[in-house]
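The two complexes that follow have chain A in common; it is paired with chain B in the first and with chain C in the second.
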Partner chain A sequence: MTNWINLILRKDLLIAFRRSSTYITPLIFFLIVITFFPLALGPNQNLLSSLAPGIIWIAALLASLLSMETIFSDDYRDGTLDSFFISLEPTFLLVLMKVAIHWLITGLPLLIAASLASLILYLPFESFLPLLLSLVLGTSFMSLLGSLGASLSLGKSAILSAIIVLPFSIPTLLMGTAVVTSAALGQDYNGFLMIMGAMLAIGIPVISLLTVEALQLNYE
Partner chain B sequence: MGSPPLFFNWSSKIVTWLGISAFSFLLLGLYWGLILAPPDYKQGDVFRILYIHVPSAIMGESIFIFMAFCGFINVIWRAKISGMMIKSAAPIGMSFVLLTLLTGSIWGKPTWGTWWVWDARLTSTLILFFIYMALIGLHSTIDDKTKADRAVSILAIVGVAIIPVIKKSVDWWQTLHQPSTFTLTSAPSMSAEMYQPLLLCVIAFYIVFAYLLTLNLRNEVIEREKSKNWVKILLERSK
Partner chain C sequence: MFPNLKVENLSCVRSETTLFENLNFEVLPGQNLEIIGSNGSGKTTLLRVILGLAKQESGKLSWLNSDNNYETFRTFNCFYQGHNLAIKNLLTVYENLYMTKVSSKLTDEKIMLSLNRVGLTRSNEFAGNLSVGQRKRISIARWLLDDYKIYFIDEPFSALDNEATSLIENLIEELNDKGSSFVITGHRPSNIVANRIDI
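Moving on, here comes the complex of A and B:
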């Protein structure tokens, strides 16, 4: 049972770390987008501090969206995805494993970049830990949604995947920014985190099953 | 009913009758609401846009639920006609949501003083509009149309999650848009002379949707099956 976990884990992590661009480019994209906001809106500290939750969240959303493009394309092209469907393990578990590892590669470094971003955007200190917690839950859900978008638009343009995924990421965005802004005001933010966790809990089985269904379309 | 030629033959019998009843119900409902109903005590005559705005909103959401239902059938039972129904219903649904947004803006300017406000119901209706567009875009990108039907079936099933958010958004968040007038458990908060034409308009819009869907579906069926024998015989007969 743990054999396939080790196999996918080792293979994907090895490939990702051999090609450092896999985990560096989403980070750089995130930081560039963050930098554009003070450039466009002006360096006023109060303004940036009040906008910081939204800016960091939008940049995280876009970065995780764009990094999902390649999750299935390499495996589809070289035939590894075929073996997902042939194997004895339930396909949705294998897909879920791929999504989880992809999150480790792209979503987790985003937390480090978000810490940097919260410094340069003057995010209030009370919001720092809530921001990281909301980003953990939010980027995981974004990875799930992104895998669904990538599977529906396998072989097509990246923008199509973005159009499919972005409307569904709006609840995550709303909840995530609500966590950070309520933490800055000193209010209790646990309710919002719980809603994000609930979305993740419902999403893990439902979205992975639908992703498998969408991937099978390519093998008709 | 799942077979395209059977559907085409069945729909040929009902399509004219459907069109006539759609047109007459619509005419009746709109005349009753836009002209005969009494003016509102606060808003005057401007409230009459309600008779287009509310039915369009109901249609936009109902059509998406219909598409999700068809998507469910398509994914599990692979009935071809249910896949084609999604493709035929999507543009109609999108037009209704667009009409809702536009009439809502027109109504909002004189009554709220603004064309747009970022409250829960308006924003979630805008999201519904984006999801419709994503669905239509996804279908047009995939060349193999049976495959495209399955892809949009999946998207419709996922997207139906936004519908309860729209319906409940006015109850969950205290917003500018007024709360629901109709509920299943209590009497409407509108006077009878005002909501009777509204109900007729809603029914009329449903029949209009059925008519437009039938027209679209018939076109879609002919388009998909144009290489088959039964279409060739049909075209020969109609020459």
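Moving on, here comes the complex of A and C:
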């Protein structure tokens, strides 16, 4: 099983690296959104600083939506998904691997870009670490949700996965923004982080199993 | 000799159309089964139903386990080659083979032997740059990477020239001698030694 997991990781990461649009498109989109806000709102530091948590989180959320459709679509189209189902390996492990790969390709670059975003939007220094922590938890959860949306919209319009995922991402957005805003105001943000952690902890088994069922629906 | 797979009274309905009903057959080690039918007759669906990739309406599938008893779930690894060959365009020929899941460690030697056997010499070429026939050879090379008990191949001879067709026929014969079975589909009977079902 370890060998199988390594194979999937290596294969998908290699393909993603060679298809640069997979990781560059969400990153560019994120940076465009972040840089357009100061252009539109003006260079007022206090205004940008107060809006920074929401702007960064909205940009991260929308950026992660861009690549969700690709989580299973290529494998479905070229028949690789069939071989996963035939392989006698647990399908939920495949789902978790795909989620992890999606996060590595899209979530991790967003974390790095968020550092730049915090400078552009004058985010207070004390909010930087909470921002990163909330983004780690939030983007991971978004990748998980994205796998469910992608499996439900397999073979259909790409926008469908985004439509499915968006309503369920609102709690993540609210909690993520609350973490950063609380940190900026000097308040305790641990409670919000714990809620995000709990969402992820519950989401990992529940959403991955739902995703397996959704994938199997495509075969009926 | 115990059949590796027994199919009893298998039926399948799609969009209120019965594709096949009450199919009965066995797949014995080293023997082949050829499923013949026209377009849309349900050949591909039959393969997919057997492998659990599609739902059956009724019937029973029995798979032999290591204790020579029968289970309703598959207990051994099979090879499946559908119309889509599960080949990644952004991986090279070599990488497509290297990243195939097999039961034992894949060595460079084994991969190169498989590629030589199917006549593919450009192992560093990206699969996306190859012709349909060459991509099919990559998929055929995968046959040799592991010891599969049953190969389920959907239309193995389509889009192939005479040389490639002979290659496949010879490979099937070699693998039959090692105890592997082939369940293949096609529009017309091929030259391989096989039991045949018309659907």
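Observations on the structure shown:
One rule holds for everything that comes next: the second predicted complex is superposed on the first by the 220 of 220 C-alpha atoms of A that agree within 3 Å, B and C clash if a C-alpha of one lies under 4 Å from a C-alpha of the other, contacts with A are read in each partner's own complex, and residues count from 1 in each chain.
Throughout what follows, a contact is a pair of C-beta atoms (placed from the backbone, for glycine too) under 8 Å apart; a residue touches a chain by one contact, two chains touch by 3 or more.
If you're wondering where the values come from, they're calculated on a predicted model, not measured in any experiment.
In the superposed pair of complexes, A:S50 makes contact with neither chain B nor chain C.
Looking at the shared chain after the overlay, A:L88 reaches chain C, while chain B stays out of its contact range. Look at A:T25: by the touch rule set out above, it reaches neither chain B nor chain C. Within the superposed three-chain model, A:S115 lies out of touch with both chain B and chain C [touch as defined at top]. Touch criterion met: A:L14 reaches chain C, while chain B stays clear of it. In the overlay built on the shared chain, the residue A:I164 is in contact with chain B alone; chain C does not reach it.
In the superposition on the C-alpha atoms of chain A, the part of chain A touched by chain B in one complex and by chain C in the other spans residues 220. Within the complex, the chain A residues that touch chain C are 3-4, 7, 10-11, 14-15, 18-19, 74, 77-80, 82-83, 85-89, 219-220. On the side of chain B, the complex with chain A involves touching residues 75, 127, 130-131, 133-134, 137-138, 141-142, 144, 146-147, 150-151, 154-155, 157-159, 161-162, 165.
Contacts from chain C toward chain A in the complex involve residues 48, 51-55, 74, 77-78, 80, 82-88, 90-91, 95, 99-101, 105.
Of all residues in chain A, only 148, 152-153, 156-157, 160, 163-164, 166-168, 170-171, 206-207, 210, 213-214, 217, 220 touch chain B in the complex they form.
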